[in-house]
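Some structures to go through are shown next.
What follows is chain A paired twice: with chain B in the first complex and chain C in the second.
Up next is the complex of A and B:
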């Protein structure tokens, strides 16, 4: 004890003490989180999550989808759509819908990630359906093949989402949204659930590995530089034609006027 | 009431207005400088082209507003050539407009016909030449020359044969036959009905014999779209219903209008759209045309399952797939 009292007032005492304390906290935390790592969601925690999700559902969703998610009128039944659907439509902000128009559009999400997880757990508890994924689970960088993904994209996706993934129009105000800047897990979930007008791409038709390839191609298209100058939205002949008919022809008319004008 | 109309007097040319450069030496000097600058800009463009071509690597990208990230090599080459050609033109036009003489000049038209004597001389010369060649006296030469000239035209016709074999019946046929398995495209995996959920689609091709490669002209005819909906949603006649399997229906993907790949499928409305001209087909009513320029439904492929449970074609397509052609039967 004399030792402590002797050096108590030493000028290195407090920084050293702080260092020890920080080290101690760090150690405890690493041990604690290491024991937590193989996380098994026990039944109790899961049922709380479902209960939370039900509360959110009753407040935010039940006015259209019904008190038991059975659907009513234009709002479809959510029984059996699975957590993947919920994660896709809620985490991308499509649900809750902004208005009752043809299509729910992407907007900043209303619920945070925990609330989305709770909602997904509740809907998944109603009937089995495709599960939700995390971005870490979708290992497109490791398992995807860009060339294969490009072939799959051109054959299965390009007709609606445009050859460069910019999206395109469907009928009566519906549209295929752009796939640029979409999180990997949401692309994956859209493929397995077929949200809104999009069809389902089953795992036997496009294997999970092939889905990763599609995601990898989309990500490579996102970062692709423009080889030929201005990309004009990468929508092909529409903007190119518009530019030629307005700016191009305008320039030619201007030159023609200049050619025939008398010099002063 | 007749009143002689006076012919209008020839108003003559408007008074010539001198340009500034015609009268003012300072303006003339300025115009000269402007033309020189335009020509120099063309030179700069050519130098930019040469520099970009040789010294900018083709993997260098630069960021430009509006353009975005752009390949510097191609941008330099393109802008360089455009400048070098465009500014020669601009300079020449500016030169002609400001400095070259612009006095109005009258040039009278003359008769185009030659003098009578020249015309008769020409005819005489031609007759003299023909007589000297003796065409009239030697009919054998005349006839063989005509025959040789006629035959020499034949190769031009015969070369048309190189455009390829005649189509024959190939427009009416596809690779689909009784028992051909449906395989995924790409991937070439056979499909079981359980692989498709309700609302799912699959792009399929006929299965190939092992070791064979798919030809482009076959892909253009064989592509099929597989769609699964709830069987209760079909509004088909009994024959067409028997061509489906547990809610799975198969249509040719080649549009009956102009041959584009019809594959925009809206799961909600069960409509199939062609991206080229917006022909819309109703899947529940055997691809009946409900909008757009297409004249007939998409041909439906009759499908069933084989003993191993894989989807197969029940029979070949009952009609020619794709757009109309002269010899098409229906």
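Up next is the complex of A and C:
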């Protein structure tokens, strides 16, 4: 202790002490905040998660995708698709498939969030692929730009998903589903993995920031009030024509009949 | 005479001395119009036209038909700072920053859809009742011209805001122009002032939309109505109604009050639609850029059948003398519509030739009594409806979980198979209805009351029709087939040859009817038994 008491009046003592203190606070903070990040699970917990995922996979998925996710005649190999794909297709209910039709449809998910995470961890353990995201990580409200997102959406998405994101038809019974009411992380994961008929929009084509803008535009379209009255599905002139021939002309002809009815 | 009457008399006298209007007014205000709901369909179209003029004038105060590039600074936030044309920006301005602007835009658009729908049903009424027959053939042609102009005018209006949907429509119009062999390319350069989309198309179609076509419309509508006035309105047959009179109400005051009131009702219904139902939400479509397209891009309904035809056309192309002929666009985009509209316009003459009927007609037909025409009409409508359905094939596919390819094949086959089927079925239904009419006249109306006779036999009581009803069911004449003359009594061949054979064949088909009850048959039944 003589060492400390000897130098405690040294002219570098105060700045050094300050440095130590700052370093100490910083270290504590980084350790404390690091526990919030879900990705830093330790190896043991991770291997348990993978094992759980494997059990779910063997029960629920392997009959089509094969015992080692190697794929078979009816289903593709899942080696290298990454956790993002699994999170998208399982958490939106598309997988397990309802039937072997043209396209897996969105429906209430079969597995809960933990099971999805386990499945994702298992598939990700087979080979590297795009990682899954949480809604909190997708900071579209902070980093997105609605108008830019609209331009990007019309340039890249509207040709299949319709100008207002209501979805549209593809060939042979396939379709682009509506993007209304989809969670931000699923939109993001769909963009980076390109599920089913959708192409992959890599970060070189649409940067992560631009992806957030697209999500922001979608969310804005979702919450936009119907400015002109009943939206008629936001699918363009077909429903407008239908309304004119039913309600519009129906009312008008009804009035014509009434006006010319003979008084009895 | 009260003071008010004296003042009115003085004013009327003053005007009459300078215009001589009294005699003309007296004659024409007493003009009689027959009363039937189906005679009001044309009026719906007329009133919608007035609404279009009024709401269109309002819109023209703010609309800027310019392709100048601007950055949007208006109040619709999702498009803030987006580059667009001044035309689109001003349409957004009308929608969001002009008081009542969006309502007016929506009224204008709904009125346009109602206008075209009213023209279509009015035309169906005229067709199925035979109101186009001599002396009204010219008015029928005027009507077809108005219909065609309406389609063009509507399409131009749909194109003006320069949003993503309207730009897509213009692109298709451009493709159809280009599909014309040899000079299509030159024509498209002429119309667009260069390559697509260019800077001049929107300003050009604006002046066509607000000045040229409305002007032609006014002229044609005036001629259309003046002919109705001059030739007098047709009427449904009934006791006291002949080819020489018109039974109905005088223009003043009854018909004037009804028609005037009807105008306000049409305006009210259009305004109601404009207030409660969104139409053409251009802010959702975004500005037009040739690089963009939206799924489910459709035209308004009156162009939907054209779009449907283009969508079902197989990809045929031929390459001739250095020119590509795109049959897949040329055929459904120009040739088939051309044939259809020419056929519609000439139909009065075609029918007159087929039946050999060259007389004047002011009494209308009941559709069942002219099975051939009715069946032809339903056949044409079936063609149009199949085409129209295919125009919305993508939405049908997504909303009913179908495959767009299957719908396309259904339409491709259906457009050939279904119209003839519709012809046969309609004709059979008409003949059955004639049979029912004959039965009703001869044996009365089935009352549904069953009676047991003393000896145990059950009979249904038939109630004899009123004299008016019997007259209405039997007043029509049934045409005879034209006898085919292959050679005259000197053995000289008929120079018309094939034409005569065709005419005989068609007239035989037109003359196919269930014989209506004759007076002798009715008498015989009345004098004797009943069952």
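In this section, the second predicted complex is superposed on the first by the 224 of 264 C-alpha atoms of A that agree within 3 Å, B and C clash if a C-alpha of one lies under 4 Å from a C-alpha of the other, contacts with A are read in each partner's own complex, and residues count from 1 in each chain.
Simple rule for what comes next: contacts are C-beta pairs under 8 Å (C-beta built on N, C-alpha and C of every residue); 3 or more make two chains touch, one makes a residue touch a chain.
Everything quoted here is computed from the prediction, not taken from an experiment.
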Q: Quick one: on chain A, after the overlay, do chain B and chain C clash, or do they fit? Just give me the call.
A: clash
Q. If you stack the two complexes on chain A, which partner ends up touching A:225: first (chain B), second (chain C), both, or neither?
A. first
Q: Could you say whether A:205 touches chain B, chain C, both of them, or neither, answering first, second, both or neither?
A: first
Q: Using the touch definition from the top, say if A:171 reaches chain B (first), chain C (second), both or neither.
A: both
Q: With the two complexes superposed on chain A, say which partner A:59 touches: chain B (first), chain C (second), both, or neither.
A: neither
Q: Examine A:11 and indicate which partner it touches, taking first as chain B and second as chain C; both and neither are also allowed.
A: neither
Q. Touching A:197 in the superposition: chain B (first), chain C (second), both, neither?
A. first
Q) Comparing chain C with chain B, which touches more residues belonging to chain A? A) C
Q: State whether A:152 touches chain B only (first), chain C only (second), both chains, or neither.
A: first
Q | When the two complexes are fitted on chain A, the stretch of chain C hitting chain B, from 202-210, 256-264, 364-372 or 454-462 | A | 256-264
**Q.** Touching both chain B and chain C, residues of chain A
**A.** 151, 155, 159-160, 168, 170-171, 176, 226-231, 259
Q: Name, in rising order, each residue of chain C that touches chain A in their complex.
A: 35-41, 43-44, 77-82, 95-96, 102, 106, 109-110, 113-114, 117-118, 121, 164-165, 258, 261-262, 265-266, 269-270, 273, 275-281, 283-286, 289, 291-301, 304, 391-395, 397-398, 401-406
(Q) Which residues of chain B touch chain A once you look at their complex with the stated criterion? (A) 17, 19-21, 61, 66-71, 74-75, 78, 93, 97-98, 102, 184-187, 189, 191-192, 194-203, 227, 261, 263-269, 271, 273, 275, 280, 291
Q) Can you list the chain A residues touching chain C in their complex? A) 102, 146-147, 150-151, 154-155, 158-164, 166-173, 175-176, 217, 220-221, 224, 226-232, 234-245, 247-249, 251-253, 255-257, 259-261
Q: Spell out the residues on chain A that touch chain B in their complex, using ranges where they run on.
A: 148, 151-152, 155-156, 159-160, 168, 170-171, 174, 176, 194, 196-202, 204-207, 210, 225-231, 258-259, 262-264
